[in-house]
């Protein structure tokens, strides 16, 4: 959360449009893959020099260039000049703390949003920034690190499954967006299972790690919420763009993606409600437990105080205490003590403290 | 709640428009019933092969096809191609975690929303998805499982009661929608009675199952709220559709359905307010109880501490303790003890602790 | 609150426009009174057969028909057919759980809202539904039970006071609406006095009936809020109607009624704020009281534990305890005990526990 | 707060436009002062009979009539008929519980809002209603009681300072409005100082008057908020009036007054936030204090319970207790007791309870 | 916070447009620096007499006048008359408690907003007001005190880096605005680190300085929020200005600045959420700690009460207590005591109190 401010504060004072990669620096070089297809044919190719992509720009076919790794600023800049992208767009691509947004630059549309990767070892969700530029016949995607999220789309292109090869660059962009949104449900499912598990375990449990656990989940939800909230504007903005770049037939699919976004947001909101409900339940558990402890203490005190006092009485050393000389004095006092104890127990039973 | 994310995550990566039924799989085959009517006549028919419906498509009369059971994807697909429905609509029908929505596709309107079934044995409310497609002279409804919610409409058609046979497919769609919304009041009534019962029982009760019970009710309200909230947009959208499919006379009925939706939402909101008020009352009860327990403990301690101390004093073995040799020493000390006790009791009376 | 859902669930499944009275059934027959007036003259008449009203429909003068008691569905239906009212309107009139609303049907305008009756014996506020239909020269009002709320208007008509006889049916409708809104202030005044009284009594009081009392007031405010909130739309809608039915001169009065509605809502909102503030104050009182009880307990324990221990020491039976044989042993130990007690008291004084 | 409802409930049932003064009745007669000025000259005059004002109505110069005291309904009515003011306006002037508002009546504009007077003796803020009517060449102001808030404006007119004599009646109305808003900052300053003082004093203090003090401040803020909130609409409405009454040059000043209003509202909102934060801090203080008390109690109990028990053991009267006959038995047991005490103290030190 | 109201209350009663500096008075005289540049050349100059600036007003080149120190009202007034600035603008510049805003005066645009300076010694953030006026070929900036925030822009002008010398006065204004917004991230980073540090330290810690620390952070966030919230309107307003002053090419950069503003606001909102979460965690810690203390106390009481009672029994002085004469009486009673203690410990183990 706070790291966003941290990273952005590095660029304070630089002229806008200066290309600085603010993400974590990784060692691999950027990996570029290219798909070029139309209904009838497709070509898949790994690119080692960015210049290899350039001839595809002016071809009739749809070209999808995917770049894994943003630290190679040089590559980004070459694409910039060749595809005529505004420097601010490229600054936004490199700024991995960018808020999700969509911008229509006339000749091309720029989309940036977050993908979430779940690391099962650390039980942690980490955001990764995905940027997309699409023009009339090309889509360029930028990922922070290598991932396999787009594989279903790659398969669909290879096998000509679905509509992806029949429709334009806008549909490809939609399909990629939809894949990312679909992935959110996987993250939400994991989170939801965790919340349900916690709810079952929490009932009546006063383990003192709960506030920490609930707080952690809350932070995770705040993180997700922060990156997913602007998504509605992104998908909504995609729908509203009036441009030749967007085919009418794609609109109906965008409406569907929009619905999914709303559903993601609804789910996050109900998670928030449930988590704050869990905190209330935990606090109640603590109070209930405290009540029980106090009752226990009080019962012990209330029973033994009078008994100990009675024993103290007959432990006094007065010369003239007739009871001490009675033959049945000792048994008599024991009976009295038993009676007091019984009355106390009956009283507590009636008060429902026992 | 979380199951929605769970089910949707199954379809992540599939091309949009792929027909996958994400609901629970049941064993019965889909059951199809057909009504065909105009003002003068009606025909009711159980359909065993989906092809039997097709001739009705082009008839002048209003045709209502109801399909119970969504798992028979084959049936859905046949209807798709014959009635010219967009694949995304059919995907939405099968996706039983769909958010309620209305979509105008020009030739037909698609509505999906939730119905709630109360299971009295488990004391549980389960949502069921209802989808509806209506065109100029037909209505197709899809239910997850067999139910009798639409029976009142069936009776009205059979007996030519109300306006349903005099008006068009849009009115039939409205009537079905209205029936579902009316059913919400039954669920809300049950919920409201439970809340009132709980409120009466809760006063002064510190039973430790309350946080759980209140939390359960809250979850139920969150569930209802989540599915009913979008309904306003659905009914509002229905009203705003500008199309030949919607007769002007139906508009006035839709306004009425809209009012009912708002009323359902208002009721849910006041239930939320009341439930969070109940939690506050419960927490207060706990604190009050704690105060009482503490007072009890303190009174016992405050009375017996000085008495036991006094008894301890005269239990000391000093050789030179003149009081021990007084003839009236023992009665004297008992009187002192009684006096201390009385003063304490008076003090607590004044403090209103007793 | 919950009774609304209860009553509405009775009509689930009936065709819209079916006339069913969902309110409580009372024994008296409906009472119909009629006023017919223009600037120069007025006629007041009790009606025993609904047909007597019909001739007034087409007269030039303004006719006000008031019906007390909704259970006589037959009367309502006759008025329906004669005045050409849409069946849904009449369904809404009978449905006493209707949300306040205004609807423009072209020839007439339909308004329904709540009036509140305070029952001083039960110290309870009960809502009553008032419906109004007004056309170019008539106003029909429907009340659940007989009441005297409209008497001020009746007096104004009888005595030709104010503008009511000089202006049209729309002004009469406004005047009736304004009378109802004015009555809200009476209810709010009572509520406000109760809140102020409670605030004064609450300070430092930890009586355990407070949570219940505050919760009751909160429920009352939720009830009022629920019925009054939609009123803004009603009066706002009245202002916005563009129709020949509404005279321009009436508009300026409606603006005034709108201001009053906003003021009612503001007052209710500040009551809510004050009530939730009261709950906080009560919880603080409980905590303060608990702190005091605990301090008291601790002081007692802290003073008597060392004393009792010391007495216990010299109650031991060791043969070789030189102090026991000192002549001044007993006074000496008493002085030590007094010193310990004094030091403790000084310590607690310094800690401000005393 | 509640008194608003109380006063308004007095007028329930009266025809709209009936002139009833609902404020507190004071004994002095209304005091009327008049300013008549243009750029070159000004005249200041105390008026004893309302008719003296009338000639100024049609003069070219700007006339400002200020009326202190609303109880003299007769005066108000005469002005009514002479200046052609709508009866509802005059009703609003007399109704001192009126919500702040602005209304454009074509020939004149009516503004009503609240001024706040601080009474340092009672340490209380009381609202006073100010109403203003301005036409093309006159401004009439109505105050509940005599005050000196408008003196700065009077001085400016007398000394021809600022723009007030160069511009029209609209600018004078703005200047009066601005003076009132400026006065809010004085009230807010006092409130802010009180809050800061309280914040400094509150830290760690568990005095049981805090909930009351904080609640009082909260009520004061609720009161201010309630009367200042509608002000935004008033100033905003003033800006939006499209009328010959408003000079373009005044618009830029109104924008400034609008900014000030927003700033007043922002300040009130942050006060609310700070006050609810203070309540949290106080509750934490109570809990911290409770923890300390409990620790203290527990330490005492934990140290003296074992010691008293040990002393009890050797106070038993068994014949065969060899330790009792040891020569070093008594010193030995004292050493054991000292050891137990030391160990306990070390344990509590480690637990950081000491 | 409250100081804003304090300072503004000083000007209550003065005519609008009166120039009064409400900030803290400092001793240095205002320092004026001037940049004059176009693509080909630039001139940097320190100004000692304000008249030196005037010739630049009508030059073709872009002129940037920066004034450090607002207390020299004379300087401000001279600039006023020469550049034809409205008196209200200059009043706003001097009023250092001004809410951030943008105003279009036709010939020039006025912007005022806050910069934040972090004082590491006091660990405090103090706001400083920055005002900006820009016309077709000049920008005038006003700072409360000397600072180096604009140095990056100065360097860019000197070294002709970025676009600043190629574009107009509007771009320079944007660049200055962007520099200020970038600085916010530095402040947010510091705040975020503090919050994360606190979160790590807080877990399980019940130190009683936490409420104070959290409250301080909350106040800081409220302060930031109050000054940054209006920024959205400022940058949004900048974007929407339709004027020859704004070049189309600048619009795309403003969109970027707008995104940054939203991101700053999002960050502040999540800080608020996290801080209120921290308060909850702290309260839970207190309750958990209380529970532990209580358990400890209860265990001690429950173990030693019966033991002490038993010892008391055999400390009684009855003549006829056979156990006292048994040879094995003493060891026997010790065994019984050990057994009771063991059973208690087992019981507490089972209850998980140990």
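For reference, chains read A, B, C, D and E in written order, and residue numbers begin at 1 within each chain.
Just so we're on the same page, contacts are C-beta pairs under 8 Å (C-beta built on N, C-alpha and C of every residue); 3 or more make two chains touch, one makes a residue touch a chain.
Quick caveat, the model's predicted, so the values are computed rather than measured.
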Geometric centre distance via CA averages, subunit C-subunit B, whole Å: 26
Gap in Å, rounded to a whole number, between the CA centres of subunit E and subunit C: 42
Residue numbers of subunit E (touch at least two other chains): 283, 287, 290, 294, 297, 301, 308, 312, 315-317, 321
Chain contact graph, described as a line, ring, star, complete graph or other shape: ring
Cyclic chain order when read starting with subunit A and heading to subunit B: A, B, C, D, E
In the complex with subunit A, residue positions of subunit B that touch it: 1-6, 8-9, 11-18, 86, 88, 91-92, 97-99, 101, 103, 206, 208, 210-212, 215, 218-219, 222, 226, 279, 282-283, 286-287, 289-290, 293-294, 296-297, 300-301, 303-304, 307-308, 311-312, 314-317, 321, 323-330, 333
Touching residues on subunit A, where the partner in the complex is subunit B: 151-152, 156, 161-164, 175, 178-179, 182-183, 185-186, 188-189, 191-193, 195-196, 199, 203-204, 252-253, 255-256, 259-260, 262-263, 266-267, 270, 273-274, 277, 280-281, 283-285, 287-288, 290-291, 294-295, 297-298, 301-302, 305-306, 308-309, 312-313, 315-321, 353
